[in-house]
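The structure is given below, and queries will be raised subsequently.
Read from first to last, the chains carry the letters A, B, C and D; within each, the first residue is number 1.
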Amino acid sequence: MSTANKPKETSYIEAISQALWEELERDPSVFMLGQDIGDYGGAFKVTEGFLDKFGPERIIEMPIAEQGFIGMAIGAALMGMRPIVEVQYADFISCGWDQIVNVAAKMHYRTRDAVPMVIRGPSGGGLRAGPFHSQSPEGWFAHVPGLKVIVPGTAHDAKGLLKAAIRDDNPILYFEHKYLYRRVKEVLPEEEYVCHIGAAKVQREGSDLTIVTYGAMVQTALLAAEKAQSSGVSVEVVDLRTVFPIDKETVLNSVAKTSKAIMLYEDTRTLGIGAEVSAIIAEEGFEHLDGPIIRVSAPDAPVPFSPPLEDYFIPQVEDVLAAIDRLSAY
Amino acid sequence: MDVKPIEPGAKELQDMYYYMRLGRAIEERLELEYKGGKLTSAIYLGRGQEAIEVGASYALEPGDILAPTHRDMISQLPRGLTAREVFTNHYARANSLTRGKGEASYQGDLKRGLFATVSMLPDFYPVATGAALAFKLRGEKRVAMPLCGEGATSRGDFHESLNLASVLDLPVVFVVINNGFAYSTPPFKEMKLSDVAERAHAYAIPGVVVDGNNIIECYLEAKKAVERARDGGGPTLLEAKTMRMRGHAGHDAAKYISKELIREWAQKDPIDRFEKHLTNQGLLDETGIKDMTERVTQEVAEALKFAEESPYPEGQEAITDVYRQ
Amino acid sequence: MSTANKPKETSYIEAISQALWEELERDPSVFMLGQDIGDYGGAFKVTEGFLDKFGPERIIEMPIAEQGFIGMAIGAALMGMRPIVEVQYADFISCGWDQIVNVAAKMHYRTRDAVPMVIRGPSGGGLRAGPFHSQSPEGWFAHVPGLKVIVPGTAHDAKGLLKAAIRDDNPILYFEHKYLYRRVKEVLPEEEYVCHIGAAKVQREGSDLTIVTYGAMVQTALLAAEKAQSSGVSVEVVDLRTVFPIDKETVLNSVAKTSKAIMLYEDTRTLGIGAEVSAIIAEEGFEHLDGPIIRVSAPDAPVPFSPPLEDYFIPQVEDVLAAIDRLSAY
Amino acid sequence: MDVKPIEPGAKELQDMYYYMRLGRAIEERLELEYKGGKLTSAIYLGRGQEAIEVGASYALEPGDILAPTHRDMISQLPRGLTAREVFTNHYARANSLTRGKGEASYQGDLKRGLFATVSMLPDFYPVATGAALAFKLRGEKRVAMPLCGEGATSRGDFHESLNLASVLDLPVVFVVINNGFAYSTPPFKEMKLSDVAERAHAYAIPGVVVDGNNIIECYLEAKKAVERARDGGGPTLLEAKTMRMRGHAGHDAAKYISKELIREWAQKDPIDRFEKHLTNQGLLDETGIKDMTERVTQEVAEALKFAEESPYPEGQEAITDVYRQ
């Protein structure tokens, strides 16, 4: 077969680059701040070629000073700009924590002034990168009112949600799962599109059981669903996409249909996103439940470095299948 | 733009005198209210700091940004903050600038170039630096001026923001109000230097020390730094030496400050000094002082009454405005 | 009645002072770091008189540099000292976030070296202190493996748990609810005692319904339980005391008995401690449940300043009673 | 205590030569392994920095503390880190210092006075300062020496820790290895000063610049600062000018560094220079160099083999050791 007519697939990381590029082109108030994002094109090459196209006033290189430049982004946003901050690894966002939770998150509540900014960074494990280059910080920020938190699980959503985030008038944390960067691809719409922040998406329909998940675990859930199908269990996969605020409706509708729910998340167990979704279902979807709400997640530990340890740490397809088995018994 | 002159003329001097007097009058009233148990909130008085509060802020022009801290209510008056706003916010009323949501001393208004600070010190050093970045990126000739105390300069935000402003050549005037104490802590427990302004060297920017109780000096040096920044000359670190003439907050009797020290500084009261100066210049006399007392007293009384009569917000407002829709 | 023989009651804040004092006396490796804790005796006067007794080498005043001095405490702890850090308000702990979550929390996992330190600070609302002096940061830290998080609800536990925390070999966050400082008192044991970290406590026995709570909400729960009793509902109140790790067993035992559970917490709703407890029950106690797990919490917003707003924000006895009513219908 | 002399004698010089050679040999092997796809982890090479890595660290005494960063494996060798430990940790084996839990370059051992760093820069500046506080409180004559790059000095932790060490008069020697780049970023994008050491003024402590490719100078100045600190003289900021002769990490070809610059610095290679010096002193000859090559090559080969043959940890070890029981 000739590949000439085959539409081109776009990877998750390319989708992110495209979203940034298009928004920088569209809106002159959009600009970027981050370490090594200029000449070097960013640690993961997300902004390769950006400096040439947009110049050093739109692609601004930063010293190592996360608290300082996140604070700076807040100030610029208050003045009507739309800064996008790149943290080199999502792990380093911990160094700017105070500015995010105390200044950015609480500003609109106190003053009604908009803080339109996006902080984005590569998160998640699976790359043998150890405790300081593999964290999933979304759970921390999903506990901070005033912020929105996005973790896309597909190339399509990575692009559409990033564009939406840049146009949103609130401070947004956008965590890119770096395991997906070059591992997932799809054909994207040719015309421009944005996705709706705060809307989950049913990535696979099913009738027996619901898996609520997001990020890289969407792939794990889909693989598990596929395998479960062959043993006769029909699994629905709900991808939260936005982990704060959570799209209750889509989750509850799915559980109303299937009566069984598994929370699947790569973050550590206690107070990971799945804890919140479980609590929502246990309160608002209780009538529909035919069995316990099972959580499949990383254990409460730092992300270990050695491959066997990390494989044990990150939920695997088999772990999900075991949970499906357990729940199918109800 | 009608930029204020470097050398203040009669109008400027009279304006500044009014703001100092108004600031003191508001604070005296707040103190009374606090002691009378009428306030649910803490108060952080800037008494004794009126010269730098007004002098620095008055050196700004309309489009500029001022980012005060908890103690700098007085600095906001020249930019249009009203006595009514101070009282409604302290009284946590629905019609206050924060609609009862923010803390008493943490208000602002972007339209007037006033950032509403947070408690974490000095978080608005980076934030104001970001405003200056926006100005530079858009080619606007505007300046940002964050304030903080000498105590706050020990925090990383001080270092990161001065360095960022220096590297990016941003129009920021960093003002440090060295009032001798950080809560109960004297400067020698916070740093080995006697002048915070010396830290400017670490960022290759000018560092200036002014007599924080001399409003003319405060205004002049601030104005120079502001116009230098506006002309693309980059940031300045301006330190004003003054004295916190009250406790850290309303509840603090400040027994850790000796009576002599307070007496000494009372001799240097910035309003007394400025009144003498204005009198010498023929710009003020006994009647003028009395008139001003009457004016600010009335303004404060009216504002307080207004605040007291203003309604509280409704409970369910607690959950509005978390996000911009 | 003569008061001469009435045993003296100790307030929550006195209990904390006593714990610190006794541990400083007991163990020369214990010392304190914090702003204004010397001469001034601390913003809330917890350390009044400590400087005279223990001297400036044990009671060390700090510049405003939370990240720096928390890092310093970690280093001292690694060298075998037992630092106790006072943050002036718990809200300011956000400024030392990175050192806590990246250095302290992950150290033992990587190196097996102990980091015996306590960070304590006054948390919580109810004092009309607004968004920056009223936060409940326990939820953030309860999502960080390697830390333990304590929020005592009574004077007895405040003392016993603080002593246990100081003797523990792990980094511990100890949040004192400042609303309780002078509002709760009780007669404490004369002999020395410590409480067990990680053990919840049934503060009131009941058979119809369980309220799981902690901190200042223990008082709210007890008042609500009292009122519910008069309308014939017997409420059990479980005080978590340690919010991370959570004492599952006590919670699940109570739910097994009552079959109904309310999560009551002052922190904001999404991913507050009650979300985790709800998820635990929904998974491990599902069989016992006769009704949904209801959460009564603060809404997802910053802590507002004005009294009517704050009263609306913080869960009140009536809110708990409404939840009891709702749940009693099942 | 048998403290090393300020002027290094033959034994000291020969020791240091060995550590430099061993460091380079380990790194060359790591680089090969990385390129051969044998490592799952990133590598951060300190090639070109051997003089300051060894010189500074060797200036410490047994009870002291060294707190390296990601790039400072070589600095740990004089304190007893072995080639085996480097390889087992990079190979993420069960018998490594972090038991496969920590990242490849982030290991330490308290017994040998080696802190195991984290990635966040320079988080161990405050942590090492805290070790120094413990020493001071217990009256122990021990010193802490944290390392970081010039890029890391822009962060608040730098400021807070230098200020704390200054105010509390702590025995800390803050070493900044200025290797010309922070990832791809040159110093002029990080700061306006050309010498980081000038920042010492902001804390009223000595700031010293050394030629980071001259091990004698590195050792001497470090030793002076260490002994000053040990004698109660307080902290020093020591900046070593050198060059990162490889990319930031294994994957980085460093195209942003010009070939000329690399050629220029290759002329100043710290090992070549030291060999010349030792030869001039009559402490080394051709045979000695060859013998050393053999010694370190064998050490490295043996260590690599040991690592390769070492078992991985079992998966369930992922959840042990989160807490001290």
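One rule holds for everything that comes next: a contact is a pair of C-beta atoms (placed from the backbone, for glycine too) under 8 Å apart; a residue touches a chain by one contact, two chains touch by 3 or more.
All of these numbers come straight from a predicted model, not from anything done at the bench.
Comparing mean CA positions across the assembly, the chain most remote from chain C is D.
In terms of their C-alpha centroids, the spacing between chain A and chain B amounts to 41 Å.
The geometric centre of chain B is 46 Å away from that of chain D, both derived from CA atoms. For the pair chain A and chain D, the distance between mean C-alpha positions equals 36 Å. Multi-chain contact residues of chain B (touching two or more other chains) are listed as 98, 101-102, 106, 118-120, 154-157, 160, 163, 167, 189-191, 322.
Taken residue by residue, chain A touches two or more other chains at 63, 65, 67-68, 91, 94-95, 98, 102, 106, 109-110, 131-132, 145-146, 299-302, 304, whereas all remaining positions touch fewer. The touch graph of the protein chains shown is complete. Only residues 91, 94-95, 97-98, 101-102, 105-106, 109-110, 131-132, 139-140, 142-143, 145-146, 244-246, 263, 268, 270-276, 278-279, 281-284, 286-287, 289, 291-295, 299-302, 304 of chain C touch chain A when the two sit together in their complex. Those residues of chain C whose C-beta lies close enough to touch chain B in the complex are 35-36, 39-40, 43, 61, 63-68, 88-89, 91-92, 94-95, 128-133, 299-302, 304-313. For chain A in complex with chain B, the touching residues are 31, 57, 60, 62-63, 65, 67-81, 83, 98-99, 102-103, 106-114, 145-146, 148, 169-170. Considering their complex, residues 154-160, 163, 166-167, 189-193, 198-199, 201-205 of chain B touch chain D. Within the complex, the chain B residues that touch chain A are 65, 97-98, 101-102, 106-110, 115-116, 118-120, 123-135, 137-138, 144, 156-157, 160-161, 163-164, 167-168, 321-324.
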